[in-house]
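Below: a set of structures, written as structure tokens.
Both of the next two complexes hold chain A, though its partner changes from chain B to chain C.
And now, the complex of A and B:
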């Protein structure tokens, strides 16, 4: 990584923008704008900056449809929207997936469309923190805001996540390095702990690294809970960790003033899935008998939490909500995206602000090859290769203002910094147009 | 006695939902009623007789007089026997998700494999699966603290992950092997597994009994050994042989009982 000269050639600075990358939603970014392009971003991490600064060569700019040769060709907005609405209106098992990189404002007509056609609506939680949501429904949510952690935490534990790579400003802005009201010396007033089988970049920074064996998370946490209940451990090594280390860690956790446990997909997607989170939450509840402890999932996309909050508020279920019988139903494994695709149930797939082509298992993607796929997105990606209709949206937080929810469930307004390309349309507008057109088709068929 | 026979004739990749075909509701249906019935598939309804040849013989005064036979593969038919309270259903093939979910009585026999959530929140009756069952058999609904609370589930093959999650009553017998976390959050009831168990049965269990006659891969530290017991009796069930008896899960101040076959689990002695 070489030295880069600071950018000095810009027309204006748009201050306090909110980053549209990870769930940290850093809202202190300054976008440097020249000729309606973001030429530099101050305060952002490399991941956030590279996403915000436009990559024009990959940008979807015009609506497209596949012709008889299977090639995507430019069409008028009217043509693309009508064709998409026709597909949605006539499908038997439509599936609307994504939503985590768009605004709450775009989700509203999306939910109305879902109800109208009896579709399934789901977001990226289905392949990331879905198990977390299930566990929260079972055993509660000892939540806090990141501001509390900044001001109070003297022990910070990361498990199953590597924020130094995935949420680069998490430690510096919220948890470990910043000086807080009760942590005047910042990093020096805190103990950083990583529980992870891998010696990750976050583990390298940590004061304590607990390398439990892969899939050993449930057993490891179960042992800590047993120690908290006064049990003398019988084995010498549990889940790859020497027993004396478990005693020592438990004592440290009991004697801290304010502890915060952050966990990622390393916990949600190992062997015990939602039960890892379930037992981690219960560990936090146990620790609260001794001192103050809180817990928070490291959410990935900048509005993945927003979708879960929005859906829970509107429908009572957080993701994978099925309206096929006219009322909302929710059953993991039955109404969730991967299962519907693996079972070859979905017959039309609308994807907004997500790239399943890059992230889904091959079986699920194989089914996407066989059914019509409608893509609403800003960038060309593997999903575009699968798409039959492409509707170019706008970049929330850069080209369009909107609401998102940070990983600690704090709602934030994302500012607009530049104008979108003239040929693109806002996500909210596109979904509303689809809704209106499907309504007309349904009314005509009556 | 009335017998309803549904013989599959057409496959639908989108699952058919049988939650309306509860014997309590359809015991007095004749062939014409079935012929005009539209079964939910996705967001639409289609004639049931597009997918099944339907035969109805005899008459019934109530659901207890009805026997329904699905004579073939029902691997894309969800909710078979869901909420049934009486009568008999036999599936001569596989069954899809939620077979026997919330059933309160009667019997459901699947002469094949069952998908996930078989016997979810079952409160009575008997569910027999002659093949294997996938995940979450006899479990609770997401977020619910009470799973299966009554009745019997017999699994002749293997059982998947998190069998009997939050079980609060009833009995489950597994003749084959079982995957992780059987009886997690269990508060009451009886689980007997004759085959091997991968790891961590009874995680966070508060009460109830789990008997493992095969070999256990890994035991949680939250269980405390109470020594060897010979030919133990559990709520009137007489077991034969020597068992290692554990109490747990200590992490939740649990008083559940875990009995492990001592001969097969010598390494734990």
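And now, the complex of A and C:
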């Protein structure tokens, strides 16, 4: 990475935009706009900036449908929307998946459509922090907003996540480097700890790195809990870590003034799955007997948490909600996307702001090949290859304003900086159109 | 549209109407004194008619609720109802989904419900939930008692700037009044600590609850806000906490009231949790007598009950340390949510049982309070929903208040543990509330406490928010018919909101959007601007959001019901 000259050729600056990339939702971005195009982004990390600036790359710009030859060809909006509505209205087990990279405003008509046709609605939590939600339902959820960590924390622990690569401003904006009210010297007032089998970029920055062995997370955390409760460890090495290190770490965690534990998919998706999170939460609960500890899952998409919140307040359940009986049902393994696809239950799949083609297990994707797939998205991706109808949306937080919830559940109103391409439509508009058309079909058939 | 509600037996305490048979007329959403011949007649001959209910304190929308729903699917699976042609599906018992919340309040004949704790940083979330709740108007109370700016202004003794800050933050959060929760204690929870009593300073701040309560009260009165400060005192739920409660209300007695409508300068919320004597859960007894005695002798304080309903429920409060204590006591799953610069909060499920001595005593204390405070205008009916029980139990609480026979039956039949009778004076109280008293504690009093001049009564010009219940007060003795009272108050014959019939025969017939009720203080704009400029460096440095993105934009609070308040400086 060489030195890059600052961009000086722009028409206007749109300040305090919210980044639509990861769950950090940094809301301090300044977008430099020229000819209705973002030419530079101040304050954003490279991930956020490149997503915003290189937005035209592989952009879906027109509605498309697959023809007899299996090729996607451009069609009118009317044609595509009518065909999609027809599919949804006539399906028996429709499944509406995605939602984590769109706004709450788009979810509202989406849920209405779900209730109308008795569909299943689900989001990416089903394949990422689903085990976290299960663990939370088992044992509790001691959380905070990120500013609490900034202002108070003197120990910050990351495990099963590598924010330096995945949430690049997490340390600099929220947890480790900033100067806080009670941590006037910022980084110097804090101990940064990483528990991770890998020597990740976050581990390289840390004061303490605990490289427990792969799938050793449950055993390792269990050992800390045991030490905390005054037990003596009987092995010399636990999960690849010498016990004296565990004693030392436990002592440090106990004697800190305010500690924060952040965990990612590295914890939710190793062998013990939600049990890993159970024990991590319980560790934090135990530590509160001695001092102050909190935790937070590192959510990925900028509104993945928003969907879980939205569904909880609208219908009482966070994800994987089935309306086929006229009331919401939430049964993990029963009403969750992967399971529905593996059992070949779903007969129409609407995917909005997600890329199952890239992320789902191949068994689930094989069923997607067999059923009609309607895609609402802004970029061409593996899912587009599976899609039968493609409806091009707009970019929330850049081209369209909307509400999102940060990983710590702070709601943000995301501004728009530029106008969307003329041929694209807002997600909210597309979903509302589908809803209205399905309503009409249902009424006509009564 | 014109309506005439014919021949009901009307209870309207604000207009001193006590069980008169009369017609209530309304037109275009307001009560009027005459209507044309074409008015639609709703015949409610001999039925019980009251203004629609006003709830002074409930947790029904916002981040805590949402966390509760997310982590308690076991609660959401209770109370499931499929969708109908008019209503959406319902879920939840103690923490119902938003649509269910609106429908259930509407079915009970309620028209206005106050959301009692809103962290300003997440006020947008609360307003988003209000959008999803139908059929009731919802004022919100932002949390100020542990806000760092408040602590600073109080420390400097700078009441004028504090008032400007409160005024600005009510606009920013679209809030209605000032809420304090465990002042200084929730800030201490930032370090896993708590404060005890009103003179124990918050760590590092050197500010006490006494100073915060008095400072915010002075600011509240300087602005002339329609509601007084709304206080959840320190030491909630601790045996021997009644002196803290007394100190809290007593430290307010010299504050001058600046409102013609309300009588109080402090509202003591969920008083039941604050009236315990003794030193531990083993020797705890009721501490109602001194508190009730104080309230009987002083007019600057009102209270609501926080009545325990003996259900499995979910406790949730901005009193973070209290929730951790509860977790240590019960071992049930503990959730916590601290909000930067503003507050703490926590949740723990709780299973109240009549077999448990402490829970039974709590049950007795709530009723004892309501029955020993003589002036019903100082009492409001709440369960601090969902903390002491879900709001759908209000009809049951009404039936207890109206029937000494039922209360004695519960104590005699061992529906509650003997501690209820042994450790409180409940068994000696034979007072029965009548319908006028019930109308006072569920409508008239609450609207007076909140300074709602346009609701809680049926005078000309008031909002046509009316409830009709399937009881005939002249042919019915509530003191011996508790079950019938509960049934009637839980299923309104009519609930009318802004002149529209929303409920008929206990079923929802129409769904409308809830309004966001907030106070817009006029005349403090220059001071607000100056104070915002003054605090902006601290805001930018220590919050993790930009000020521009912090506020509740107008579109989150539509439709709104804005009260313009003329600040008297």
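Things worth noting here:
FYI, the second predicted complex is superposed on the first by the 443 of 446 C-alpha atoms of A that agree within 3 Å, B and C clash if a C-alpha of one lies under 4 Å from a C-alpha of the other, contacts with A are read in each partner's own complex, and residues count from 1 in each chain.
In the analysis below, a contact is a pair of C-beta atoms (placed from the backbone, for glycine too) under 8 Å apart; a residue touches a chain by one contact, two chains touch by 3 or more.
Computed from a predicted structure; not experimentally measured.
After superposition onto chain A, partners chain B and chain C are found to sit side by side with no clash.
By the touch criterion defined above, A:271 reaches chain B but does not reach chain C. Once chain A of one complex is fitted onto chain A of the other, the partner contacts of A:138 extend to both chain B and chain C.
By the document's definition of touching, of the two partners only chain C reaches A:28; chain B does not. By the document's definition of touching, neither partner reaches A:46: not chain B, not chain C.
In the superposed model, A:325 makes contact with both chain B and chain C. When the two complexes are laid over each other on chain A, the CA centres of chain B and chain C sit 80 degrees apart as seen from the CA centre of chain A, to the nearest 10.
Judged by the number of chain A residues each one touches, C leads among chain B and chain C.
In the superposition on chain A, contact of A:294 is made with chain C only, not with chain B.
Aligning both complexes on chain A leaves chain B and chain C separated at their closest CA atoms by 6 Å. In the superposition on chain A, chain A positions 137-138, 323, 325, 330 are in contact with chain B in one complex as well as with chain C in the other.
If you check the complex, the residues on chain B that touch chain A are 13-15, 17, 40-44, 78, 97-98, 116-117, 135-136, 142-143, 145, 162, 180-181, 184-185, 199-200, 203-204, 218, 220-222, 224, 249-253. The residues of chain C lying in touch with chain A in their complex are 61, 63, 65-67, 69-73, 76, 80-83, 88-92, 95-100, 121-122, 124-125, 128-129, 132, 148, 189-192, 204, 324, 327-328, 333-341, 348, 541-546, 548-549, 553, 556. On the side of chain A, the complex with chain B involves touching residues 91-94, 117-119, 134, 137-138, 218-219, 222-223, 225-226, 228-229, 231, 233-235, 238, 271-272, 275, 278-279, 282, 286, 323-325, 330-334, 343-345, 347. On the side of chain A, the complex with chain C involves touching residues 15-16, 18, 27-28, 104, 115, 133, 136-148, 150-152, 173-174, 179-182, 257-258, 285, 288-289, 291-294, 308-309, 312-318, 323, 325-328, 330, 403, 405, 409-413.
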